[in-house]
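Note that chain A is present in both complexes that follow, paired respectively with chain B and with chain C.
Up next is the complex of A and B:
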């Protein structure tokens, strides 16, 4: 019975992983291709450069979906050498985690790819700087998906045999949901910031250093709620719960994951929007960039607060 | 797993606390981030009014924070009181 249950969970996890994981990258790449087509219509003679840039950007956006595909294949063909139900729950949760985590990064990485195509048409002479900023921005956009990949691997490959099934199943599902959902908002937010940074470099290539630096600060702050989600996942995974058939104990652990997962979405997206507007203004008036970065950081800190409330509630639910 | 009486109510209260705080955090997060972004845009246009704009931004964010605090209060009530 257990072996059948584990196989079922692994297949379901595989489907969830690549199913959800395909959403983001497809949307992001579609956006990049749309912007590229638009850009080529303005300056058809630059089509070669735009096409190259579009393909590089799409390749980066694709990586989140490839992570999801890898996790799916591992779940379908991986060995089932462990034979207790808890491994089934862990495998299902690993698939769900990777699938959800790939959505945000896929959408996010498509935005700088699209704005870079537009930028190259505007400033063909600075295409190198534009491409560099795009690569930097898109690469940082992948970070939430990488948290998802790490969590999925931990869930799938760790030896959970000392974890009691009740309430261990809820800790496993909570762990997957926490990192998975928490990655969506920061992924999209990072994309918005990186997209505006690329546009900014295209508008004023002389300020590309200042713009990239501001972008990296903004991307770092936007990442924080994804890190909270990852933290809650690690706590759920490594703080082995005491065996108990109580329904309340199980719901406590599951709820911690749900709380942090959803709670990270808003601040991640919001902080990304703040970064986008700030990065847009930096190349326009480089002299005022200090005041801008200061206001940006104050605004981001306030927007982060609900993410911190979610972290507190999740920690309370785990520790109590 | 036995699902009955007081244990079931406690479990649902925990689940409710997580959902309340999790979903409740989305709106304020996006809203405050948007406010901060628009403030940065405005400071870019009028750098000499940075003080006034920052003050307005913080007041606006404090108001939109309120729904997040409602969620926090309800979540704490569900965890500790129910």
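Up next is the complex of A and C:
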């Protein structure tokens, strides 16, 4: 019975992982390729440079989907010996978590790749700086997907044998949903910010240092809601719930994950947009960068408040 | 795989009280302290017009960070906060780097380290805010749009501590977990060192910088 159930869950988890994971990276890479074609039409002489840049950018954008592939393969070929039903739920949730978390970063990392192709055509002399900013931006964009990968690994490989099945199954599923959904918005938002930073560097290469500094701060703040999702996941994973067959107790844990997951989507995207406009204007007006960064941070703090409401409700649901 | 999510602890018990020490974290933190102190001594030794190699590195780093502080805080506050910001960066950066050396482990992999650094930044930022603006203006800012928003503003400030410390902790601990799992699966051939390079050197440097810059801008939001 248990063996069959765990295998079933693992297959389902594998399908969810790579199924959802395939969405984001493909969109991001398609965007990058489209921008590259557009860029080449302006300056066909630079096609070699643009093509190289497009391929490097697409390779980074694909890493989130590769994480999902790795998790899928681990789920299909992993051992199920001495496991109880709770491991099945954890494996299913791990797959779901990685799949959802790969969406945002995949789309996000494609944006800087695309704007970098445009930027190289505009400013061929500083293609090195543009490439560096793109690499930095799209690597930091992967952070939400890395949180998803870590949560998936913890769910799949941690020893859950002392967790009671009821309501432990709900804690496991909630844990996966929380990090997974929470990573989507920040991932896309980070991509928007990094994309504008790359085109800003292309516009004013002399200010590349200040632009990438502002970008890193903006990316860091935009990831806050993904971090709240990760925090709720860790709490659901490590705070072993008391055994109870009450359906309400199970729903309480599952809802905590759902609440944080959905709540993080909007703030991540919104804060990313704030960051995008700020890093766009910093290279245009370097003297005003201090005021710009301050305004950006204050605006981000306000835009993030709805994510904090979700965090409060999720924490209340867990500790209740 | 057994070490996944586990911390080496030493528990001291006397008359009902329990003192838990995370031995590895404490030792590694002291290693980082000692390396930084040694570096500072070497940099200061025979300071002169013709600098020794350590002095060059120290001057280069200090100049870069002084300019960052000057940009964010202005020339009035920069000399005051620069030593703290620079030390914070060096400490976090070296803490993240130390995991690359075999048998050493990052102190920032422990939530206690990152959370205390986050609380440290929070207290410094708010204390300097009160010093610079006076307690009245400081409290007034919490009632910014309307007065009943005050509790939410307070929670928003506290959430900053959570996000800043979990960002560092999640990235460093996450890198560690990924390396453990991958090494377990493919028996330490080529991929783990490459992952160590990415998570240890690249992510470690970026996250140390992000932590320092965020602490700096949180202070600058308070003092101005």
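The working rule: the second predicted complex is superposed on the first by the 319 of 320 C-alpha atoms of A that agree within 3 Å, B and C clash if a C-alpha of one lies under 4 Å from a C-alpha of the other, contacts with A are read in each partner's own complex, and residues count from 1 in each chain.
We take it that a residue touches a chain if its C-beta (ideal position, glycine included) is under 8 Å from a C-beta of that chain, and two chains touch if they have at least 3 such contacts.
What you see is a predicted model; the values in this text were computed from it and never measured.
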Does the superposition put A:41 against chain B (first), chain C (second), both, or neither?
neither
Pick one for A:147: touches chain B only (first), chain C only (second), both, or neither.
second
In this superposition, the partner of chain A with more touched residues, chain B or chain C, is B
Based on the superposed arrangement, let me know which partner A:136 touches: chain B (first), chain C (second), both, or neither?
second
So, does A:280 touch the first partner chain B, the second partner chain C, both, or neither?
first
Considering only touches as defined above, state whether A:305 meets chain B (first), chain C (second), both or neither.
both
Given the touch rule stated above, what does A:271 touch, chain B (first), chain C (second), both, or neither?
first
I'd like to know which partner A:161 touches here: chain B for first, chain C for second, both or neither.
neither
Of the residues on chain A, which ones does chain B touch that chain C also touches?
298, 304-305, 312
Within their complex, state which residues of chain A touch chain C.
74, 136, 139-140, 143, 146-147, 149-150, 153-154, 157-158, 210, 213, 216-217, 219-221, 223-224, 227-228, 230-231, 238, 289-290, 293-294, 297-298, 301, 304-305, 308, 311-312
Listed in rising order, chain A residues that touch chain B in their complex are 166, 185, 189, 225, 245-252, 254-278, 280-282, 284-285, 287-288, 291-292, 295-296, 298-300, 302-307, 309-310, 312-314, 316-317, 320
Using the touch definition up top, name the residues of chain B that touch chain A in the complex.
1-3, 7-8, 10-19, 21-41, 43-45, 47, 50, 53-54, 57-58, 61-62, 65, 68-69, 71-72, 75-76, 79
Can you tell me which positions in chain C touch chain A when the two form their complex?
1, 4-5, 68, 71-72, 152, 155-156, 159-160, 162-163, 166-167, 170-171, 173-175, 177-178, 181, 185, 202-203, 206, 209-210, 213-214, 217, 220-221, 224
